[in-house]
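In structure tokens below, several structures.
Okay, so chain A shows up in both of these, paired with chain B first and chain C after.
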Partner chain A sequence: MPPDVLVESAPADRLGIAVLVSVGRHPLTGRTRRADQDARAYELALSIAGACTALLHAGQNDAENELALRGYLGMVGASESGENTAERLVVIEQAIGADVLPALVNALRELTPELVLCGMRAETGEGSGMLPYLLAEWLGWPIVSGVAQVESVSDGVATLLQALPRGQRRRLSVRLPAIVTVDSAAPGARPSAFGPARRGGLAVSAAASMPDEARAEWLTTPARKRPRRLKIITALSARDRFKAAAAKTQGGGGKVLTGVSPEIGAEAIQALLKEEGVLPS
Partner chain B sequence: MLEIILPILIFTALVLAIIGAARRVRLWRQGRPSDVGFFSGLTAVPRRYLVDLHCVVERDKYISRTHVATAGGFAVAAPVAIAVHGLGLGSAWLTWPLLAATLCMFVGSLFVALRRRNPPARLSKGPWMRLPKSLVAFSLGVFVVTLPAAGVVPAAIGGWVLAVLLAAVVAWGLAEMFLGMTWGGPMKHAFAGVLHLAFHRRPERFGGGRSTGLKALDLADPQAPLGAGKPADFTWNQLLGFDACVQCGRCEAVCPAFAAGQPLNPKKLIQDMVVGLAGGSDAGYHGSPHPGKPVGEHHGALDEPIIVREGKALVSAETLWSCTTCRACVEECPMMIEHVDAIVDMRRHITLELGVTPRRGVEVIENLIATDNPNGFAPDSRMHWAADLNLPLMADVRDAAVLLWIGDGAFDQRNQRTLRALVRILRAADVDFAVLGNDERDSGDLARRLGDEATFQSLARRNIATLSQYGFGCILTCDPHSLHVLKNEYPELGGSYQVYHHSTYIAELLAEGRMEISPWKGDKVTYHDPCYLGRYNGEYDAPRNVLKALGMELVEMQRSGSRSRCCGGGGGAAIIDIPGKRRIPDMRMDDIRETGVSVVAVGCPQCTAMLEGVVEPRPEVRDIAELVADCLVPSAQKDQSGRKDNAGQPSPAVEILADA
Partner chain C sequence: MHNGTDPLPRRDSRKERIARNRLHPEHDAVLAEMLGTSRVGPSLWAGPNGLARRNPHRVGFSGPNGIKRIDRSGAQIDTSLNLRTERQAVVADRRTTVEIETPAFLIAVVPDLPGGRLSAHDRDLLGLARQLADADPAVPGAVLAIVFGAIREDGFGTAGVDRLLHSLIHSADQSPGLGASSNTQCRPEARLAVLADVERELLPCHWLLPDSPMGGADLGRRLAARLSERPATQVWQINQDADGKRCNGLGAAGSTDINRPLSRLVLALAECAEPVAMTRHAARPMTLPAPLSRMPGRIQDLGAVAVDPATVALDEAEFILAAGRGVSDWAGFHNAAAVLGATEGASRVAVDDGFMARDRQVGASGTWVTARVYLAVGISGAIQHLQGIKSCDKVVSINLDPDCDMNKRADLAVIGDADEILAALVALQQRIEEKADAA
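Moving on to the complex of A and B:
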């Protein structure tokens, strides 16, 4: 980070949270917007009493992005005091095609938050969902994915509820600092209000851009709809059809491997992918 | 002795009244500026009062006559009494008219008292119950003290006991009439009312005009408040307007939300604003409350927040979200107060500043932003309903006599039947029309009424830009909400068009004999006036003429025309759906059932949806277009696909399907 530090670390008595936000894309029309999961991550941050939240975005700084990012600044409703809404959003400016990882790592080292919240994956760009893992690796922090609620934070340990399929929840405790990703099981984000979004502070901080060389070599094409495997239900009555539709999917052919070496695990996965025709056999 | 007491009383009352008036004016001026003509407004008052206002009051004959006698008597008596008893002018040219005026006022007062003996629920009690007595005190008191001055009785009659008694009665009358006028008594309505008429925010409403479009927020100015978050955010003439309310409760009596037991009483809402203006709590209110909300718990001040969030403030958000924006209250208000403007101003603050729009409202707004339609359908599926109709697209023809505006009903299977019927009619009458197809967007009606002015303006500006690319004589739509917005609200943003509702257009086609009609064979029908066609656009006759031209026997509901009851679907109220004791469409269906018909004709997709949502058995709900299409003589119907019109050309509808 350059000397002009735009995000100040949280005061000692308050929990420092950094929420990483990205520019989203509406699935039907492709219009830019605040990304749904990132907005949920910010919503989660707002639900933690006594926190001091910073909003960070690494990417291009143009008018269209700004409009979308301001969507996060408009999230003020619900509480009258609004004490832990972020004062501003910091855009760490990056060139097109840059790998935002180093810039984010630098910013987070500078900011020293105790908790980093973000969505599971971005709605634009690669959207591989790798970023939080790479950040965790670079920073050497633990990562928890798919969190639906932060129950409490005390003495450097956060108690989290992780969302599992079919509405199940798992309570975890994690040593801070940590990276926590949020998916659609977390509570929906509050609406973004036009006035605060327009007035909200947006600070741009210049940072070196590292071109993403690997990605520059890739060829990208629009996604095609993949055929979905139909679940064939031969039920005679409406009741049977309903039961079949509501039933848990039976992982009939699946295997649970525990306590095996990574190599054996990888082989098992490879074998499955070949069987399914995903990899050439 | 009276000669000494009376001038003192009169001038004390006058001076105090003037001080009160100055204070009140200062309160109003705390509001934001508004550009209304000062002198033009003041000079227009007599006409606005005697013609426009009287026209509304006249709907209740009893009170209109009573008011003419009482107010007319007072208007003459007050200045003359000041001259006679204050300045001591004793000419018979003054005293006799004063006797006549006070007598007239006295008679009026007796009728006021009679109405108050068993007052209907819509009237406020409290100080208003005292008013007839005060009126009697003033008129009778001044009458009696004028008798000696007119030489009817000797001056020295009575003695000091009587004199003191009379002075007390006159003092009471003066206090109510002069002080009450400016210090917040029931007579305040006269003082504020006159000025409200002068500086009304919609001067176009006077002289038989109509002004119903909401006024745009200035979004370019980041300093301008986005709606009304505190009473001082209203314009000063809005504050003045609230102060003019006489608490007659006519708005309460017609409000569909109030009748349904939702927490909204327009009269109370206006009084809440008066509380906000003057500061204090609503404990001094003596009328019906917002259903389910006890009186006395809310308070406010000019610079305090209006919306209740944590704790208590002036108005609960549910109150504001219950309104269907049907304008029945505005239509009925004898003081011509603009309830809907105020409600939308407060909703704007909720949505644009606080961001606490109820959940379903937020979904709709987010869909409008992302997909240009309230339900989040893919914008390129907008014309699927017409896949087989080969509708000419504006983008291809560039120019057409009629631009058919489809509206969001395009995505709704029920309304698609209406749309298809309308297309059949247009083809039968050989109308040269075209559609925007996928380039059309929601008109912005819903966003605007949910308080999201930003999304409204964004949609409106993009629609105006699209429309500006093509040549057309007029816009035709079967959705009164689109009609209203395109016709009355786009001009302020730079798009002025001639817009027709389909009933108006079909009435013209029928009058010109453009289609062959076989008379209707069914039962009697009734017609439900959509608020946005009737009260918003003044179209009451065309739909009825169409039905009559079809040979239908029309039975009117008790509440029809300008007094029609809303279906409950407007203003986003159906989306937010604040619970009440009953549902508004059920009540409207009861009105319909009362007429004993088996078919109700409607002219609005919202009304259709709301009324069809009422459980069976109930009369059938048919759009006017469907009824007309049913009566078309088959030979007059052209080939449904319209293929002969553009044979040989690639058909645009097929292209749309191919992309989807």
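Moving on to the complex of A and C:
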């Protein structure tokens, strides 16, 4: 069965979006679920007005995965931007432990979306976060990571808000087609409704699987909790180590301004803040 | 009278008696004459029949309470000197200088440099790079650090860098208002092009990048895709095995440990190795021989977006203005936070007294903050509070009490009334803003 029967490109007058979704794993119960970041990516896609969204998954096609994937199809309901909920989810069937990259590249070449949205990294398997970067390299598209909001899309250019550490945001514009990854800074996904999830269409297409040989040789164990490093002690002798371990915080040789007027004190503080670059310019 | 040629050694029993009597007024002089050295004399000398003799009164030093202390570690402390400067000097001197002239291979490291300085994560990564470079002393490798943008760090050598490649791309768009974030992710494609040039010209044996949201995670994965290398991600340990090096990393969103052969490109987590402590390296500047070819980026940076600092979570905030019991003008404090663009924090007393919300409390039973700059106003620095600001870079304290613990922790302490100094700071900042508006 050729895959282009299942994967239809968006109509010419609407923005074509492909959301790559995966099967997640609940961090506490370990049960399969819709992956959190992927669900946020779909939520972001739903917030873009006048788009036509397709959901893509490459992986095994069994009952447990289907249940988890249907979680995405249950994400319906009033979105202020109108109707761009995906009608169905396309599963490109792959063997267990296969490298899904070639299958996804082929599907995206077929689908020719303008924007590809996905999470930063998977919740199962290697979870290296390399897939979007490899897709970008193979397709020759630009990639932007950690996006919190799509502000506008016009004339083949998308304006995005990228989430930086420390709650900061940066505005970027990127030429389409592009790959955009989403992490937990993006708005949370709406809950999944059971009925629509059951009724939603799930189309399965077969594709050749590429086994991932390198990964088969790795040793995978449940993660151990690593002790956090408390203090770095760089002493040669036992005496120094003991002293360092028992020492109270001593003055770090900081500057102390005593008996100055408030203005002079304020100037000193301002100079330090300016040097650190935290003051608004 | 006897002289040096006299074959018979003669004893002066009076002098021997004086030398034995520590309290005799001539004791020091006689001892010095007998031992033929300085007034004090050595604490250890060879006796007449070759036995080592020790003068117990000459070893040790008097401790802080006047009690004699003997320090057998050999690192004796002379109380006449300033303790602190002496100890710091000793620590600095212990670093041995290492110069690697012709390295057998290169380990390339791309530190994040938030705010232009090496972060703790960067230092751990450089420690890991040293592990790889110094694994075999017969074939020493060199650590090459590739840094971008404006640099405010001068300790590359002591962090373990042998070669330093400074690429000046987009140092012009450093926005001062953003501090740490301005050094990251601005133009990943331009940075990637520089790294690809390094790969072509120098062919490093390994690439190490921090797997951090500050930019290393993104850049590292871009590089891996460009070089077609499968990276080891979220690595927290590298160890040597019978059949080569292996590494341990996290997989599946941190729920599994993956043990695999070490790959050429490694994205490592914080605390992956101990930072360099005992050596100092050359950090010799390097330039790339080839001219750097650039293609226009498809991603354009439209600059930072103003975020209301009051909405930033306390543990994410970069600049915190924290109030304690010393603050009485609360309207002035909130105004100062708005003018300075700081996120508000508080001590427990300020929260308990109802002046601040509970989610603003800093400390052991509040939030452990990671701000780069922490401005503590009228906070005494109780241990429960200091625990919460352990990972802050720069601490500034405004307090009436010059001896409080917060001042000991602070890099800059201003002694004075909190409200007055805050008001002066606000006035100063507003004056500067007006000037900027007028210009």
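Brief remarks follow.
The working rule: the second predicted complex is superposed on the first by the 221 of 281 C-alpha atoms of A that agree within 3 Å, B and C clash if a C-alpha of one lies under 4 Å from a C-alpha of the other, contacts with A are read in each partner's own complex, and residues count from 1 in each chain.
Throughout what follows, contacts are C-beta pairs under 8 Å (C-beta built on N, C-alpha and C of every residue); 3 or more make two chains touch, one makes a residue touch a chain.
The model shown is predicted, which means the values in this text are computed figures rather than measured ones.
Once the two complexes are laid over each other on the shared chain, residue contacts for A:11 go to neither chain B nor chain C. Applying the stated contact rule after C-alpha superposition, one finds that A:171 touches chain C and leaves chain B untouched. In the superposition on chain A, contact is made by A:162 with chain C only, not with chain B. In the superposed model, A:221 lies in contact with chain C only, and not with chain B. If you count the residues of chain A touched by chain B and by chain C, you find the higher number for C. Residues of chain B that touch chain A in their complex: 222, 226, 309-310, 351-357, 362, 365-366, 369-371, 376, 378-379, 452-454.
The touching residues of chain C, counted against chain A in their complex, run 71, 73, 75, 84, 91, 94, 115, 175-182, 184-186, 189, 213-214, 217-218, 221-222, 224-226, 230-231, 233-234, 236, 250-261, 271, 274-275, 277-278, 298-305, 307, 311-313, 316-319, 340-342, 372-373, 375, 386, 393-396, 398, 402, 405, 407-417, 420-421, 423-425, 427-429, 433, 436. Of all the residues in chain A, the ones that touch chain C in their complex are 25, 27, 121-130, 133-134, 136-137, 142-146, 159, 161-162, 164-175, 178, 214, 217-224, 226, 228-229, 232, 234, 236-240, 249-260, 262-263, 265-270, 272-274, 276-281. On the side of chain A, the complex with chain B involves touching residues 26, 28-29, 31, 33, 74-80, 190-196, 198-199.
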